[in-house]
Amino acid sequence: MDNILKIENLKTHFFTKNGILKAVDDISFNIKRGEIVGLVGESGSGKSITGFSIMGLIDAPGKIVSGNILFNNHPLLNYTPDQMRNLRGNKLAMIFQDPMMTLNPVLRIDTQMIETIKAHDKTISVRNAFEIARDTLGLVGISSPEERMKAYPHQFSGGMRQRVSIAIAMLNKPDLIIADEPTTALDVTIQGQVIYEMQELCKKTGTALLWITHDLAVVAGIASRICVMYAGRIVEQGSVKEIINNPMHPYTIGLIKSVPSQNKRGEPLHQIEGMVPSMLNLPDGCAFHDRCNQATNNCKNSRPLETNFSKTRVIRCFNFER
Amino acid sequence: MSKILEIKNISKKFIKSIDLSSKFINFFGDFYREEIIHAVDNVSFDVMSGEVVGVVGESGCGKSTLGRMVSGILPITSGKVDFKGEHYCGFEGTSYKTDINLNLKIQMIFQDPFSSLNPRQKIIDIISEAPLHHDLITKKNKKSFVEDILKKVGLGSDVIERYPHQFSGGQRQRIGIARALAVSPDLIVCDESIAALDVSIQAQVINLFLKLREDFNLTYLFISHDIGVIQHIADKVVVMYLGQVVESARVKEIFSKPNHPYTQALLEGVPTLDTKRKVYTPIRGEIPSPLDPPTGCYFHPRCKFSTKKCIEEKPLFSEISPGHFSACHLNKN
Amino acid sequence: MSNEKTGLSKFWSEFTENKIALISLLIFLFIVFVAIFAPIISPTDPYDLSKVSIMDSRLPPLSENFAGQTFVLGSDGAGRDMLSAIFYGLRVSLGVGVMSGIFALIIGTFFGISAAFFGGKYETFIMRVVDIQLSFPSILMALIILAAFGKGVEKTIIALVLVQWAYYARTARATALVERSKEYVEAAHCLALGNKKIMFKHILPNCMPPLIVVGTLQTAHAISLEATLSFLGLGLPITEPSLGLLIGNGFEYMHTGDFWISIFPGVALLITIVSINLVGDHLRDMFNPRLKR
């Protein structure tokens, strides 16, 4: 299976008046066709900026400083704005945490969906576009789609709106969907539904999915591979089973250990000491060293490079547990 | 163990009354109706001293409203709350807390670390304002008092002259905790206090809560949608749906033998670190709008087991085994 | 903990990024300086009747009078030096404008915040009064009030306050409503701090930014309103001429070509109002993105 997305040494920096914010600082990973990959990190890890970088949505003062993004073997960083516009909403789509970032509150759902289809296919008739939209809504689990399409976004609940956003992303049969915290704002029972539906959908249509989240548990059930980000760098990558059952980077280990279900009741939770460093002021060496219980002097001074531990496993650490 | 809090049949109604022009139009027909939301509907449970009672539920279940009623921020529409055996109700008329001795005993820690601190107050003032106002400390010992409390929540004394925007979310939550502790409460209501924090910080704050419970003999009413956290720290769990309590039991009992179909669906639906792909049938349907709740049992439209009785009759909240309460018709047999 | 600049120094560095606003602020400060020190820096005292001679009247700019003094901006119909008259006029215009602005701010903010805090019938009543008042053109309202009260500095200030308080009340109520639902206000209730303290120590300071913006723009509006009233002959008496009155007095001479008696006070008024407006605009832009946060 070849890669639908290949990211090599991507760096996205923000040039603010307070200094250079290295939001994404040399990351590399791939997504195969039809694969679901989880990009996990906390706030400030750069995971959302990664998503925006792929979509070409980085505005001043941000800039993609170096690296390569290959989508279907096309180098996206060389694309003109027009070419990117053709791609977005077409073969490359994005879903946001807040569905109201996708949906226009003053337009009906059917109007918005038909608009999306016609933007990328000028020849299609309104009737045909309507039918595609209706069918896609049915695909994401909205009952009686023909009637519900006539409604406005505010007449839907949060979960339904997110489903509509997913439907809009799927309208033009994308090869890759980037989902940035799509279920974080949803209730637990609705979240369960949406996760399940997205998984089935991707299986059915062969769409690859990059699921960006801070919640390891959410991707544990759905993804086949996970990349863990910290302070703009990917610290560990591997298959889901490997990462969760056998984490090697101290940050990943700490993250998993601090989940309540992994701790004994009544005992204090395992915690990672300290805080995420300010992105304006990243330390010279490994970004995690001041919170790491395995750090050595080496970690403070030099940045660890990525080590290919196995064919599927990549880790960025000097002292990882083998 | 004594009962520290007795919540007896409290309800909260939000009424959107019709204004003058709509009343006028109503002369010509029944166009506008008063909208009533039963945010909290006849909730009763007890909290024992030193306990952590976890309140779980999804949006619209009323758990945040419940928390605000208990801590005196929102007036109670009906029912009453007793604190340590004495009558304690949220309000009288339109003013908020009036009985100082009683009302400082229940404090709240909020969800949003960014809006729960006054951006224009220095940390030292945020923490010392209430104790000074109520003559618990004097201006002279203000500084040492604040430094002392900050130490207990794990912050150094170099923060006192700074402003909230200079701190991270986790630090701000600690400051909020310090503010609550400054008036020596007995019970603290935590309203989704860790939801807005990063995962690695959540563990720190949860540990802080547990440590403070021991150091200060506190009782917690812990409101959260995060089942994993509740399982870890709660002694008793109360499950709410659309303003009503559907089940309550000791934590071990409710996680091993959930009775109400909603509780079962809730527990099943939580994503876990279990990498074995489970066959998961998600619960169907949406959470109904509180403006227009279903008839009978509120959960019946989404329930796998609903019967005719569920559509017509509201189930009673009854004890199905010692300490385990549930509101479901299926228990009658 | 961040080491970013805090409070005033951060505000100042952000403010000075916009050069136009900075220049406007400097111009305005200069005007204030002139207004305060008018008696000291004026070349003459135009209201000292012993020094003013009708023989010097309507002299064009840069001409000399019999005593050898140069009237840089000319003299008016009574022989008064225009430059000095403008300095004194600025004093009155600014004084009346700022005073009325401050009082209107205090009254309007009080009603606005208390309306937002207490709600219910009290709020409805106050806001209806505000709405009704704001639907009248301010000129009309001021004219009616002054026609009833008569002339005088205090009466003018009162009229201007009555016209302006509603703007402040509306803005104050809007921000207070937003702040009231924030969690730190709920925390203050939880800590039983008392309504007064919550309103004035917690809500009020956080409402200040938009009120400051309204304040600057309204002050400019008040100055221009007062000028209009004086031009029409209402409001200020002839003994305390504001720029508006000077413009009004000089109007009749426009036909004969003695433009300087009206135009120069007009230019001074224009510079004053524009500089205040530019500062106010920039303040409003500065505060907006933060409010969105």
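Going in written order, the chains are labelled A, B and C, and every chain counts its residues from 1.
Simple rule for what comes next: a residue touches a chain if its C-beta (ideal position, glycine included) is under 8 Å from a C-beta of that chain, and two chains touch if they have at least 3 such contacts.
A quick note: this is a predicted structure, and the numbers were derived from the prediction, not measured.
Q: Counting only C-beta pairs in contact, which pair of chains has the most of them?
A: A-B
Q: Please find which chain has its CA centre nearest to the centre of all protein CA atoms in view.
A: Answer by centroid distance: B.
Q: Can you check how far apart subunit A and subunit B are, centre to centre, with Cα atoms defining each centre and the answer in Å?
A: Result: the chain centres lie 32 Å from each other.
Q: Which whole number of Å gives the spacing of the CA centres of subunit A and subunit C?
A: Computed value for the inter-centroid distance: 53 Å.
Q: Taking each chain's centre as the mean position of its Cα atoms, how many Å separate subunit B from subunit C?
A: 49
Q: What positions in subunit C touch 2 or more of the other chains?
A: 2, 4
Q: Return the residues of subunit B touching two or more other chains; collapse runs of consecutive numbers into ranges.
A: 171
Q: Quick check: in the complex, which residue numbers of subunit C touch subunit B?
A: 1-2, 4, 6-7, 118, 120, 182-184, 186-195, 197, 201-202, 205-206
Q: Where on subunit B is subunit C touching in the complex?
A: For subunit B paired with subunit C, touching residues are 68, 71-73, 94-97, 100, 103-104, 107-108, 110-112, 115-120, 129-130, 133-134, 159, 162-163, 166-167, 171, 176, 179, 183.
Q: Across the complex, what residues on subunit A touch subunit B?
A: Its residues touching subunit B are 42-43, 157-160, 187-193, 195-196, 214-218, 220-221, 240-241, 244-245, 254-256, 258-263, 265, 268-273, 275-276.
Q: What does subunit B use to touch subunit A in their complex?
A: For this pair, the touching residues of subunit B are 58-59, 168, 170-171, 198-204, 206-207, 210-211, 225, 227-229, 231-233, 265-266, 268-275, 277-278, 280, 282-284, 286-287.
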